[in-house]
Each structure stands twice: as C-alpha cells, then as structure tokens.
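Notes follow the structure.
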Amino acid sequence: MLELRNVSRLFGGLQALNQVNMLVPTGKVVGLIGPNGAGKTTLINNISGLDHPTSGEILFNGTPIHTRAPHHIAQLGIARTYQNIRLFGEMTALENLLISQHGRGSASILDALVFTPRYLREERRLRDTASGLLERFNLTPVAKLRAGNLPYGDQRRLEMARALGTQPKLLLLDEPTAGMNPVETEALGEQILRLVREDGLTVLVIEHDMSLIHQVCDEIYVLNFGQIIAQGTPDEIKHNPQVIEAYLGQDED
Amino acid sequence: MKKLLSILMVFALLLPVTATFGQDDTMEQPLVGFWEQCPTPENLPETVNVGAIFGLSEAVAVYGTAQQNAVQLAVDEINASHYLGENSALVVMFEDSAGNRDQAIAAMTKLVEEDGVVAVLGPTLSSEAFAADPVAQENSTVVMGVSNTANGITEMGDYVFRDSLPEGAVIPGTIAQAAEILGLAKVGLFYGNDDDFTVSGYEVFKAALEENGIEILSEETFAKGDVDFNAQLTNLIAAEPDALVVSALAAEATQIILQARALGYEGPIIGGNGFNSPAVLRDTGADSEGLIVGGAWNYGNPNPTESSVQFVEMYEAAYEMSPDQFAAQAYTGAWLMATAIRCADSTDRTAVRDSLAGIADFDSPLGVFSFDEDRNPVHDPIAQIVVDGKFQPLALVMGE
Amino acid sequence: MNITQQVVNAIWLGGVYSLFALGYALVFSILGVLNLAHSAVFMWGAFIGLVMVTQFSFSVWLAIPVAMLGAGLIGVLLDAVAFAPLRRRNAPRIAQLISSIGAAILLVNIAQLIFGTQPQRFPLGSIPTDTIEGLPFRITPIQIIILLVSVALMALLQYMVIRTRAGQAMRAVAFNQRVASLLGVNVSGIFRMTFFLAGALAGAAGVLYGLAYNSMTPFMGDQVALKGLTVIVLGGMGNIQGAVVGGFVVAALEVFSIANGGSNYRDAFVFTLLFLILLFRPQGLVGQKEHTRA
Amino acid sequence: MEFLRSIGITEIVMQFMLINAILGLSMYLVLYTGMFSLANAGFMSIGAYTGVILTQNFNQPLWVGLIGGMVVAGVLAVPIGLPVLRLKDIYLAIATIGFGEVVRILILNFDTLAGSITGESVRLTRGALGITGIPKITETWHLLAFLVVTGFIMIRLHRSRFGRAMAAVRQDEPAAANMGINVVYTKNMVFIMSAVLAAAAGVLKAHLTRTISPGDYGFDQAVSILAFAVLGGTSTWVGPLVGGFVLTALPEILRDFKQYRGIVNGSILLLVIVYLPGGMVNPAGWSQMWARLRGKKQGDTLTTEVS
Amino acid sequence: MALLEVSNLHTSYGAIKALRGISFQVERGQVVSLIGANGAGKSTTLNSISGLLKPSSGKVLFDGRDITGWRADRVTGLGLVQVPEGRLVIANMSVEENLWMGAYPRKDRAGIQADLNDIFARFPRLAERRTQKAGSLSGGEQQMLAVGRALMVQPALLMLDEPSMGLAPLLVNEIFHIIAEIKKRGIPILLVEQNARKALQIADYGYVIERGTIAYEGPAEQLQQNPKIISAYLG
C-alpha cells in the first residue's frame, strides 16, 4: 500500500533521513522503532505531507505523493495521530470529528448561505458519522465538551477517532501509548488490531513500548541516524544484535 | 493647609478674569472692528453662539492650540468692549477634531445641527474642511476657514469663507520679487510629498518658477515627520542652485534650514507659509540668514499695522509666547465673524452670511482686509528676507 | 564631495536608527513580544533630559544618565501595567502587542498634557553644533557622539548578554521561562531588568536624538517607531548585533535611494525590503537559520 | 434617539459606527483564522480609491463603485496573500504593515508614476492632495443593509464546512492539513474575504466623508481596525461589531473631556486588554473580572504557562 | 522531621481540580517514587512543590520551613531542585554554559568550577561535547545534561519529572543507572515516573496517585507485590 524508495531528507547539513526504503503492505501493521532523534517523526511528516523529502519517492497505492500537499494526501486516505496530542482544543469533541470529515464534504460557502439541499444533506451525513465515531470510542457523553478540557485518556481516543473520521486507508500512529500505563497500552493494542481486522485498515506505528510492538506488529523497521538498520518480524528484531546495541539495550528486568 | 492652597490657586486662576472685568468701563476701544461702519446691535440675544473646530489634540495641536488661544483672545476683547451690544456676549464653543476627518465632520454636525451655532470657525486642516464644510453649507451656516490654504475650499459653496491667503496668493509674488533681486536662474526644489499643504505649496512654487523662467535643477521630496534631510539636501546642493525653494511646515522647515547650513549651503532659502513662524526664526538662529519667506502675516514684520502690534502685545501678555500666522489669522477670523454678526444685527445664519460677504476694507492685524466675490481673502501678502537675524521687507532690500 | 557626503549621511542616520532599535530588539529577544510603546519611552527620555537641562540646569552630559534612569523606570512601569498582567494570564502575543499600543497612546497623551504640543528644544549652546573643519565632508560633533554612543551601547549590551551572570539569566528566560525559574532565576525580576535596560537605551536615544535634531514633541516617536520595526526585522527579530546592522542597512537604503533620485519612493523601497526579508530570510540579515531535528 | 443625540451620537456618528463595525468584521475574519494581518487599512484604501474613481471619473452609481472596489481589492489580495500568508504571528503583522505603507506610497505617487509611463499628465489619485468633492451618497440604510447581509454571512459561515476549517486552521495548521483541509486555500480565501469587506467599508466611507487622501489609511488606521476587533472580542463575530460601535462612539461621548480624551481612550484600550481577556463581548471574561473585583481569590493563579 | 513534607495539597487549573489533598513525605537519603496514570496529578504535584504552580491550599514543608506558594527561583535557591519533564536544556547555549546556568543560585566561582569538572568527569559524553550547543545533543545526552545541570546546584533534594519519557529502551536503562548513582551519593530524590516498574525498583518508598489523591503508599518492595498495583501499573 505504501512504499518508500530511497527517501532522504536533509535539514541544512543534517541528514535526518538517509536512503530509507520501506514497504507497508495492505492490511498489515508495520512498526517503526529507533532511538530518539533517529528521524521517525520526520519520516511520518514526510509521508503525511507536512514535510517533503529532499530526494526519493513515496508511493501510495502506486501514486507518488511525496510532492503533494498534506490535505491532498489526507484526501487520498492517509490519516495520522501525533506524538503530543494535537486536538483542536477550543472546539468540542463533536466539532473535532466534523472537521475530520472536511475532505469528505463538498458543500461550498454558497451552499451554506442559501441552505441548498446538498448542504443540508451533507451536514446530516457528517453529523451521523461523527456520532457513530463518538459511540464507538465511548465519547458520546463528552461530545459537547471542549476537547482541550477532556481527560488525557479521552483526548487520546478522540484523536484516534478524529483520524478515522477522514476515512483513511492507511493510519499513521506516532507514539500512541505515550503516557499510558501497561493496562491502557494493551487495550490500545487490541483496538489497533480491531481496526485492521474489522475496518480493513493498514497501520504504520512508531512506538517505544516494545510490548505494544510485539502485540500488534507484523513487521518492524528499525531506524537509527536516519537509516534503516534492520527489518523483520518482532522476534527477529528482538534478537538482532545491531538493534540491541543501538536501541534496545540489554534487558535488565 | 491644602484647602488654603487650593483657595489660593483658584484665586490665582481667577485673577486674570477679574482683571479684565475690572477694566470693563475704562477699556479702550479695540483698534479692530467696524465701530463706525455698523451701529451697535440691539436685537442680538444674550449669548451669540459661534462654533470653532480646531485640532486641539494629537500632532495638529501645534496649530490648533494657537488658533484657540487667538480666538479666545479676540472673544474676550469683543465681549469686554461690548462689540455685540451691552447685553450680548459672544460665546465660542470649541470642538476638537484631533486632525481627524471623521471627528471634524462629527464636530461640525454637532455644532450646526445640535447646538445651533450661528457660524463656525475652522477646521484647522484643509483636508478636514473638504469633509466638514459641506455639512455647514447644507445647513446654510457660515463656515470660515482661518488656516485652509488648499485650492477649492470656497468652491464648496456660498457659505464657505476663509481669511487665510492660499499659497497661490502669496508665493508667486515672493518668487517674482526674489527672482528679480537675487537674479535667480536655477534653483533646487524641495517639498513634502505626503501632505496636502506642502504639495499644493509645491505646485504653486513650480508654476511660479516656470512663469519667471527659472530653471529647476532638481526636485527632492520628504515625508511628514521626517527629521533627517541630509541625503536630499546633499543632492540638491550638489547641483549648485542659486537658491533652495522649499515647501514645508514649520517643524520640517527648521530642520531643513539647519541641516542645509550644516552641509555648507550658504545661499538663500525660499519658503512659503510654513516657514512663516516665529519658532523657525528662533530655532534656526544665525542659520536663518538669507531666508526668504512669503506669508500672510509675519511676527517679525518690520512695518506692522497698529492693530498687528496690539495683537502681538496682547497675545504675548496672555500666553507668554509669540503668535504665529495661524494665531493672527484666527484672531482676525473671530473679529470678522463678530463684525458680520454686529453688522447684521441678527443671528440669522443667512443674514450673517450676507453681512460677512460684504465686509471690505477691514483693518486687521493681517492688514486691510476684504473678501473677494469667491469669499477668499484679499490683503497684501508679505515677502521678507532675514537680514542680520531680522525680517526685512524683500522690496526694501531690493531697493538697495 | 557628493558621494562621500552621502556615505557620511548614511552612517550617521544608521547610528540614530540603531540606537533606537537596540532596546526594541532587546525586549523582543528576551520576551518575544513587540513593544510598540518603545517609541513613547524614547520620547519621554528626550523630555526628561530636556527638563533636566532647562528646569534644573543640568549639563547635557549629566542629563543623559538621568534620562536613562527615568526612561528605564518608565520601562519598568510599562512592564507592570501593560505586560506583566498579560504574561501572568498567558495571554497571546497579539494581546501584549495591543496593550503596548494602548500604553503608547497613554504615554503620548500624558506627555501632551504636561509638555504641550509645541516643539521644544534644548537651549542653544547646550552642545557644540558647528561642523568640524578640515574634513572632505560635513559632520557635526553631535553626529559623531551619537555614532560612538550607539556603537558603545551595542558593545556593552552584547557583552552583558553574553558574558555576565545577568545576561545568562536573560538568555535562559528567553529560552524558556519555566526552566529558567527552576534554575533559580527570578523571572519577573529579569523581565523588569529587561524593560529597565530597554527603557534606559530608549532614554539615551531620546536625548541624543533630541540634541541632534533639537526639536521635541510628544509625537517624535512616531516616525522612528515604524523605522525601528523595519530595522529589527532586517537584523533578525531580537538579534542585538542585527539591530545595529539593520539600522545601518535601512539608513543606507534610504540615503542611496534618495541619492539616486528616488526620494518619492524612499519608504516604498524600505518597506519592500522589509517584505522580502520576511519572506526569504526571516532570520534577518545576520542571523543563522536554526534547524530543529524532528 | 433623543438620548443618543444628547450624548453626541448624531446620525453621522452612527454612520461611522456602522462602517467601523464592518471594518471590525473584516479584521475578525483574519483573526478568527489565526492570521494576525494588519493589511485591512491598505485594502480599505484600494477599495476607496477604486470606488471613488468609478463614481467620480466614470460617473457610475454607488453600487458599481462598491462592487468595483470590492473586486479590485479581492483580486489584489491574491498576489499579496499567497506569499505573505506563509508568515505567522508578529511576522505576518509586520509584513502587512509594510504592505500598507507601500500601498500608501504608491497611491501617493500614482499620478506621477502613471504619468511617466503613459507620457500624459494623469490626475486620478491626486497624490497627497487627495480626492475632494466626492458626492455624499452613502445613506444609513445602505450601511445597515450591508451590515445585516455581512452578519448573516458570518452566521452561515460558522455553520459551514469552510467556517469550521477556518477555526481548525487557527488552532493547529498542520493538524488541519492532515484532516484534509487545504490550509493555503482557506487562509487565502479568508484573506480575500477580509480584503473585500475592508474595501467595501472604504468605498462606503469615501462617499460619506466626501474626501479621501492616502494618509487616511496608514498605520494608525490599521491599528484602529485591529482595536475594534480585539476590544470587542473575537470569540464571536458580535464582538468586533460592538468594538467598532463603542470605539467610534467613545470619542464623541467624551467630547467634553477635551484634552483628556486621549488619556481616557488609551486607558480603556489598556484596561480591556489587561482585565477583560476575550474582549468586551465575552461573558466569561466579565464574570472573571467581577469575581476578582469582589476580592474572591481563586487561589490558582499560575506563575507561568501551563503546557 | 522529614526532609520534605507535603500535606493536604490542593491545586487546580481554572475549574479543573488537579490535586485533591495530596500528602506524602521524603526522608533524608531516600529515593521516593510517585507513580500513576497520565493526568493523575504527578507532574502537578512536583510543579506545586517547586513553585511552577501555586497550590490553592495545603502545606509544603522543606527542611522544616514552610515554602508553600514560594516562587520557583526561591525554592531552587533552597536546594530543592526540579528537573522538568521533557528535559528542556537551553538549546542555544553550549553544554558548558548550560551547566554554569545550573549553578546560577551559587556565588562561589571556585566551588562551581570544581563541581563542573566533577560533572565532566562523571559524564564523559558531556565533556566531549562541552562547547556544542545543547540543542544539537541527542535525547539521552540532553537528559544527562539536564540532570548534570541540576546537580550543579548541589541539591538538597532532586525532583525528577518523567526522566525516561519518550526515550528509547537503551537510554531508559542508562538514565536509571544515573539515578542509581546519584542515590549512591546520598542525594535524596523524588522521582515521578511513567515507567512504574523501574521507578519502584530504584525507590525506597513509593506513592501511587490516582485522580489527584494518594491511592496507595508503602515501601517500594511492598508496592511491587501489591496485586492491584501490578494489574493497573505493572502489567
């Protein structure tokens, strides 16, 4: 579904990404791990269009997207979450979900001005989808609350719901378990697996929490200093000496 | 103690007022006014309200406060001498326009439509007049500009007057005289290009220079509020002009003179109304030597009229500073207005208009004053040159 | 003579702009806010200096430090009234910008009430004004003094910020207020100090400016306010050396656009440059682009 | 009505209030989308000059001038907005101040510039002298109608997909982009709408004050427009409306204070910004201030930001 | 008398009550861990002690002195030093300048120089990079620098806020080594950690915060055995 070919990104003299090749097959969960500053978030930014590669290609279902604007990429079906939650904090949970469907609407300002049937139909549809998402993520009771005031757990779930609101085919998760305890982490893992099974999504996840990685990933890429240093199944990676040295360390527990 | 102090303060403030009252009976008849031409009015109400719109705050207040001072001076004099009759007093309602067009319109509307004034003096700036005067015209109320010099002011209607000579009435004479005495052949022209006053001055200068066959070597511009003119002056001076011709307001004029001299320029500098301020002469000191000024009135005029001398004395006594042209025109404006009301013996706006339009040969600090048929002022402008730190009539120097 | 003189004109005008912009840049570098009341403090500095000379018969050289002190205190007051309450509330930077405009209106109007609107001047003879003889160009002593003072103040400020303990604390505060306070820095104190320094710099600039052009009104700050903005953008917002460089660049641009017959478009050139710098080199002329790794 | 007149709010003042409310709304649009643009005064001048040239030099009726001014400003907003709106925060503010100054200087020199290009003497903007003798054809009902329509558009905007996108762009641009919102389009569209609104106010006002000159649209005007919006409050579109009303009426109501007017004006600006976060139309702000005035300590004042 | 004694602390953000009566203490020479879910109030507790936040009620006693509501810089001046979450070294200062900045409350130049050398000896990676800008360091090095900077104050009590947050597993281990070493030197530590397992391994005593109050407390070994804590936090 997603393919990176020799993707490099230079910031001034800094090689943030160096000839990265990667394949995310449809219906799979791919993990991306690596030390801080290895370039993981840069990679996600490049895929989602917030940043563009200096060289190389990114293909989504065969279409090159590495020069596309982020909204375009979102409309093609790539959604993401962020390392630090980035909800629209001044809006309600419901409004956040309405916005997420922006790319799925087509009514113009003029439609809204004169209440065309198209506008009315579309608004109804967006609201229905939003309430469905609220329901699904147990957020219905907080639908009318400001997203910024929600408890941390609700914010995390809302962010995930918002990403799904764009009706993506590929979901990019950037450290989704940050700030979660092991119990919450496991629940999240199950949710991810459900998304893949039930909604047919493909997932690329950045994570430090190895338990989640083991729980959900079919395949793992390890990034260090902007380069892929290893690739394989969770078990292969766990025992890869290079990965242990650069990232995992000796397990002391 | 505090109480005592405040009582003393009040007393001190009242002193000048009571002093004027005390002199009431013995007060000499002012030199200005149609004492003979028109009889003492009998039909005027106790208070005759006249409005005045001046810029009393923001940067324009430099002119506006001088105008307010001068008008107040005239009003005190008019009332003390019972110019409008034993039982009638002239009351001027001052409004601040802050140099802002919207506020000038609002003030004019308030005065004319709400307060029902007989007539209005002002507003200070021509740009305000273009916006506010039509309000007076629509209400058939006299408005008299006392500092509007732009073209087309009185074309706004038959109720619009002014007693301020437009640049077109001052500058050509100055240039012609200067050209003759100094034998000007080529000059540098310098003006502020973002202000209507300085731009209209520039246009008149340019026309006058062409009329007299004087070559303009180079033109430079500055912006309102500039303080550094070295770069432009360096350019102008480098062309070696016979004279620098400058259209600027007083603040910039001072700097231009000082900086031109500091750059080594020793030739004459010719300016319009903007240079015509006691502050310019005072602040430039010896550097003002050779400054040629055309204006409607000048503090340093060596041959002033009697009423002008008296006006200067009174103004200096009251405000501890010397009046400038704006003050003289405002003072004259107040007297003209009072005279129109006296001669009409009515507060009817149209009667006042007709009476004002008929004023001719009025002896004022500005000289012998009349209105032409377009309600513009007619009196002799002055063209002077600074010699030995003093203004001398340009014509006199020419005679030598 | 012409070109040399224009170069001298540009250097001199650059000195004036730099001197004004120093305090502007200082506040921006530490607080990240634009203090649009800086020009009002500058004006107050000039008037304090004037009052010292005319009312208390101080010599000009004594009046300058007094004006710096006075303007510095006004700066501190400004912080307390217009900035500190907003900082405490974490208000957006726009709010602080607007409150600084409000403070500027207030300061100018109070000055109007006290000093009137007539231009005021230092008594003749306060400073030597005769041009210096024997040079291939014209320059007056006060022009040289302003140049020297602005360069000296810049050097002093730069030394202070880089080398001294207080300067380090200022930089720490500029980076992150929370971290600085955890390091033992009295953040509010640093803010007050910054405003004091910026005010004092504005005060010095005000008096010297007043001496140079010898015409002071409550509105004297208006003209330099927008120019000062251009200067600090060119220098890279909040870059102290940049402010000085920017001052000279703006002055050079002005002078040479005039020298080449473009006095009508002088300001258009300046603001177009401002535009281009913002679009293509937002870090300013001397600044270096900082890269943050993801 | 009588009462309003007695405190100095005459019809002309009310007309200014309506115009400034429109200007406040034009500022509101950009602020609501998170753009700190001070270009409105510049667009106001572009609108005013275009409109007046159409009505005066080409004898067109007011509505043609109005639409002409709006169209020209809207079209010019595109090449300005595209590069400039990449800037944020104070940088955008400064760039747009620069834009305003450049517009002012170009209008100032328009005639000489056009003259030197065409080789004929051009007298269109008349430089610093400004255009005078513009017929006063703007009526109160024009302004009221315009404001009602604008208000309706504001309400509908907030209920539309585009209005939600505006809010999203303000709060988090990258996140909005990742939601499929075309950030560049949204920002530029709003910038154009804001320019069009400012231009309309410019045309309407020019036909009320009878005279315009480049100096009317400088930095001071830009700051005033900003003040209308911020003082009124930008949490709803009603705020800038009220801000425009109050700030216009205030100097007239305060006429009797004479030379203290400036001080009162400055103080009010300062007090509202400092003590009424969110502006005058913001109930939460008032209740907070009320609580503080009653001396109820909330006990949770934060020394620094909470991130 | 305990070194740090917090009693019945309440703190709110506007209408949201973040702390609802937190009480705990840190004895001299002890490492105490505060664990809990995100949003439970761990960081708020630290910030309320260090002065970044003002508690609405309750008391903080440090070394017997009431420091409730003190400004952060004065608290630091007492030697109660917090290393904030997210490391936050001063990016545009060099490593050495950052360390000097750490010694800001101190006036003894010689002593500072000696401690600086000591830090460089202990963290050779920092010594290698002493003139580099702190912003160019890797995440782990930045955390090292943040801790080193705090040590420059000669802290009487070190408060670490989520030192392992967002770090790769390898670095998490390294950071805990450093904490262990500081503990060995006898500097008391109040540790707020997401990684409950490691936090309790290193601690003498532990507290569990849930929704702004202390839900459990006890010696670290005991907590590690508590089935409820195991199921909720240790997984």
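Should a chain be cited, it is by its letter among A, B, C, D and E, assigned in written order, with residues numbered from 1 in that chain.
The criterion applied here is as follows: contacts are C-beta pairs under 8 Å (C-beta built on N, C-alpha and C of every residue); 3 or more make two chains touch, one makes a residue touch a chain.
Predicted model, so just to flag it, every value in this text is computed and none were measured.
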item: Chain hops separating chain B from chain A, counting only touching neighbours; value: 2
item: Of C-D and A-E, pair with higher C-beta contact tally; value: C-D
item: Between chain C and chain E, centroid-to-centroid distance (C-alpha), Å; value: 42
item: Centroid spacing, where centroids are CA-atom means, of chain B and chain E in whole angstrom; value: 75
item: Chain A and chain C, separation of their C-alpha mean positions in angstrom; value: 48
item: Contacts with 2+ other chains: residues of chain E; value: 51-52, 71-72
item: Of all residues in chain B, the ones touching two or more other chains; value: 57-58, 193
item: Multi-partner residues of chain C (at least 2 other chains); value: 109, 112, 178, 181, 187, 264, 267
item: Residues of chain C that touch chain D when the two form their complex; value: 33-34, 81-82, 85-86, 88-91, 93-95, 97-99, 101-106, 108-110, 112-113, 177-178, 181, 187, 226, 229-230, 233, 237, 264-265, 267-268, 271-272, 274-275, 278-279, 282
item: Interfacial residue positions of chain A with respect to chain E in the complex; value: 33-37, 83, 149, 151-153, 175, 178-186, 208, 210-211, 245-250, 252-253
item: Touching residues on chain C, where the partner in the complex is chain B; value: 1-2, 5-6, 9-10, 12-13, 16, 109, 112, 116-119, 121, 124, 129, 131, 138, 140, 209, 213-215, 217, 219-220, 222-223, 254-255, 258-259, 261, 263-264, 266-267
item: Chain C-facing residues of chain B, complex; value: 57-59, 61-62, 65, 193, 218, 220-223, 225-228, 230-232, 234-235, 238, 250-251, 254-255, 258, 262-264, 279, 283, 285, 321
item: Chain D-touching residues of chain A, taken from the complex the two chains share; value: 48-50, 69-72, 74-75, 79-80, 82, 86-91, 95, 98-100, 102-105, 107-109, 111-113, 119, 122-123, 162, 165-166
